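Here subunit A shows up in two complexes: once beside subunit B, once beside subunit C.
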Partner chain A sequence: MSLIHLLLFPGGLFLLLVGLLYQWLDRKLVARYQNRIGPRLFQPLADTVKLLAKEEIVPHGVHRGLFVILPVIGLASALTAALYVPMVGFAPAYSFNGDLIVTVYLLSVLTLALGLAGANTLDRFSLVGATRTLTQLFSYEAPFLLALLGPSLIVGTWQIGEINAYAAKNLWLIVTQPIGFVVALVGLMGKLELPPFDAPEAETEIVSGAMTEYSGRGYAIFRLGKDVELVIGLTLVAAFYLGGLSNPLEFILKTLAILLVMAGLQSLFARLRIDQTVGLWWRLGALLALIQLLIILVVKVAL
Partner chain B sequence: MSAMEHERTVDVECPTVWQKALMALKTWARVNSPWVIHFNSGSCNGCDIEILATLTPRYDLERIGVKLQGSPRHADILICTGPVTRQARERLLRTYAQMPEPKFVVAVGSCGLSGGVFHGSYNIVGGIDEVLPVDAYIPGCPPRPEAIIYGVATLLESLKNKQEKG
Partner chain C sequence: MESEIKTDNRFVVPIGPQHPALKEPGHFEFDVDGEVVTGASIRLGFVHRGIEKLAEQRNYIQDLYLFERICGICSHIHATAFAVAVEKLAGVVVPPRAQAIRTIVAELERIHSHMLWLGVAAHEGGFDTLFMYSWRDRETVMDLLETIAGNRVNYSANLIGGVKFDIDDSQRDAILRGIDFLDQRARYYLKVVESDETFLGRTRGVGKMTRGEAEILGAVGPTARASGVARDVRLEAPYIGYADYPVVLVLDDRGDLEARFSVRILELFESFRLIREILSRMPKGELSTRVPRRIPEGEIVLRVEAPRGELYYYVKSNGSEMPERVKVRTPSLCNWASVASLAVGHKLADMPMLLAGIDPCFSCNDRLVTLRRQDTAQTMTWEDLRQYGIQYYRGKRVCP
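The block that comes next holds the complex of A and B.
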């Protein structure tokens, strides 16, 4: 049973395919916002197969083992995180008190792997990209976690499944905690390094950041990891703030709604400099999340 | 030796059904996901502006899977413009060497094809094919975006045909 959970659903094969599908949706939506036609449905699959079939160049001066294993670790941890979220509206495959923290950590491992992979090479663009990746990690992670903390404080548990069940039964938490929702949504964009938070892989300045030296397989796996993280992030935010996920239809509609907003924000804003990103998160994001927490605590005590 | 010749020898050595299916899958992916990198080896920028125009939303090359990549490590097709100057020759060779196999070169513009009006200059090596194995030539001074798209599409079509012939 656990093998099925790991390899087929919700981890493994299913999640990879859904990840590719959501990558296509994201690209297509951005294309439509920009008045383009956009990629075809199989485009992410063709990209991935092509990258997997390409030669993998291991540049001079890197630690060979790390170079090969880091993308795998990143993808594996992202896939593992799927076991604790209500994927497609079904109950999480595994659940224990505190799995919210574990999930957030597992999602961060991909970013850490990316940062290490960049720092592992001698290439200057990779090094700058790695520095920016890790700097961004330190800026969005705290507000994002604080934003997810709001619903869990209301429910009084660290268990994603229970928060999901609570959200399904009560008023949508986006209504009672609008600030938390905004911080969580923008935090997710920061986590996925989507525009305007794509300074770590700004191709006009630093080629493609930490992934500059990766060709073929490693690059394909990092991209897959990002797609998986996108699906899990959307699931988390939808489960917490948009009234929970109790069936596949709800899952599709709610994650699509968030993706629509996210694609709009992506095509609306220009890229922020890394210092602007950090400033935005710590001056504004963390402050807003803290105010939200304060309101929740006051209301909870008062009631 | 170009990449396709290399693959054909592999195909001849082990022509099992599975390997043929795998090759067909690889070719399908390759034809449908050509990521390009753009290199200017001494062009007057006329062709470069046309290439940038090709990548704008008006032509929307993401429709056929084309993406402009910054890193040669991620690219499949090297789009070169201009005659190769002696200064740029080493850089062009290095950029080409940094790309992973299989890789293809497209020469854009009259200068890229032969050196154009700069042919025979003291500081010019010649056309792109003096330095690299070119897979597709796109003439014009500068070629229109439609011509560039047609050239890349022809290259992809030839990949497909080569695979079908085996």
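The block that comes next holds the complex of A and C.
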């Protein structure tokens, strides 16, 4: 049973395919917002197959083992995180008190792996990209976590499954905690390095950031890791703020609704410089998330 | 790469010759301290094509086509500059209708160039939506050019002594309709670049160049006008139709990237107005006049206002069918100095937008050949270069 959970559902193969599907949806939506046609349905899969079939070049001056293993660690941790979230509306495969924290940190491992991968090479674009990736990690991580903490405070548990069940029975938390929802949504965009938070991989400045030296397999795995993270992030935000996920239909509708908003936000803004990103998060994001927490605490004590 | 990182404390970020931000090859080295740029150097010349030399081996009519291919974006203005220079040398008077048509095509070209630039500059700042929208709308003006000239890029409107095609009533109506649409779109873009918060965060106060600096650095065109330098060849030395249909100068004192955006967009409105005015009172008459094949001996300097700024042509005739010497200086060359001096102190993330801010055109301005090995720089004459090339390929065993 646990092998099925790991390799087929909700981790493993299923999640990889859903990840590719959501990548396609994201690209297609952004393309339509920008009045382009966008990729075909099989484009992400075709890209992945092509990359996997290509030669992987290991540049001079890198630690070979790290270079190969870092993408795998990133993808593996993202896939592991899927075990604790209500994927497709089913109850999480595994659950224990505190799995929320574990999930959030498993999701961060991908970013960490990316940063280390960039710092591992001698390429200057990679080094600048790695610095930016890690800087960005430090800026959105705290507000994002605080935003996920709000619902968990209301429910009084650290267990994603229980928060999901509570959200399904009560008033949608987006109504009572709108600030938390916005911070979580924008935090997710920062986590995934989507525009306008794509300074770590700004192609007009530093080519592809930390991933510049990656080609073939390593690059494909990093991209898959990001796709998986997109799905898990959407699931988390939908489960917490949009009234929980109790069946596949709800999962599809709610995650798609968030994706629609996210694609809109992606096409609405110019890229933020890394100093602007950090400023935005610490001056505004963290503050808003803290205010939200304070309100929750005050209300909880008063009741 | 290794040695540069480890031996000294400079951390150099190279941009180019191949880089996603550059659509043409150029090499820029930015010394960075964290994200802040502490030094910048520019190396050009990757796409030197020897056009000036080629021109000496072709007759004037062939040269017209050659010069039209100096730049893919401002092709018409190059041909116009050369044609006007040769006409002046030959002492012929071009019919006013031909001059009006040249002016219309020149202004349509300015519209297409500025809209292309708007998209590229937005893309450099990571604002891809504006990029896609402006390039979509740019298709309108490309279609108009195709309608009147049959070509989207090298319109080939000029003859020496006139133009090749007329603009009839249905084409006039098409142009007016297209311009009305673009007018409305340009208003929208002006609103976006002047009010979008994230975009202003990338442009306002970035790359600020005062009027004095712009004058010292020899900036031309919209880049200079965005710093408040009142410099426009269309007004200073009117050519083709600009004496009959004067333009109104667009000036901005702010000098930053935001000003460069708004100056270029406001120039679009000026072009719309000018085209409408010319079309409303087009002179009647012939389209071309006869010009002798042999151009009388003499030399001439001609300046025109390309979309990017002052374009300079020097033509020397020795009385034969071919020019003795043609010298071209494109506006991008004048604006590079401003980039190199403005870069210091800005963030690395601002570099692509700063570069794009002058609307650089690499292959037009590449000219001098310098070879840089270690720390030696040398300038080679044509003959030296030829010998060097022969020796080089002999060593490579590719030359028979």
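One rule holds in what follows: the second predicted complex is superposed on the first by the 303 of 303 C-alpha atoms of A that agree within 3 Å, B and C clash if a C-alpha of one lies under 4 Å from a C-alpha of the other, contacts with A are read in each partner's own complex, and residues count from 1 in each chain.
One rule holds in what follows: a contact is a pair of C-beta atoms (placed from the backbone, for glycine too) under 8 Å apart; a residue touches a chain by one contact, two chains touch by 3 or more.
Keep in mind it's a predicted model, so treat the numbers as computed, not measured.
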{"item": "Partner chain in contact with A:95 - subunit B first, subunit C second, else both or neither", "value": "neither"}
{"item": "First, second, both or neither for A:46, with subunit B first and subunit C second", "value": "first"}
{"item": "Touched partner set for A:271, first subunit B, second subunit C, both or neither", "value": "second"}
{"item": "Partner chain in contact with A:212 - subunit B first, subunit C second, else both or neither", "value": "first"}
{"item": "Partner chain in contact with A:57 - subunit B first, subunit C second, else both or neither", "value": "first"}
{"item": "First (subunit B), second (subunit C), both or neither touched by A:124", "value": "second"}
{"item": "Touching partner for A:195 - first (subunit B), second (subunit C), both, neither", "value": "second"}
{"item": "Subunit B versus subunit C as contact partner of A:36, first or second or both or neither", "value": "both"}
{"item": "Interface residues of subunit A shared between complexes with subunit B and subunit C", "value": "34-36, 125, 203-204, 207"}
{"item": "Parts of subunit A lying in touch with subunit C, wherever the complex brings them together", "value": "33-36, 60-61, 122-125, 127-128, 131, 195-196, 198-199, 202-207, 267-276"}
{"item": "Residue ranges of subunit C in contact with subunit A within the complex", "value": "1-2, 5, 11-14, 19-21, 32, 34-35, 122-130, 132-133, 136, 196, 198-199, 201-202, 347-352"}
{"item": "Residue ranges of subunit B touching subunit A (in the complex, touch as defined)", "value": "25-26, 28-30, 32-33, 35, 57, 60, 62-63, 65, 69-71, 73-74, 76, 98-102"}
{"item": "Subunit B-touching residues of subunit A, taken from the complex the two chains share", "value": "27, 31, 34-40, 42-43, 45-50, 53-57, 125, 203-204, 207-208, 211-216, 219"}
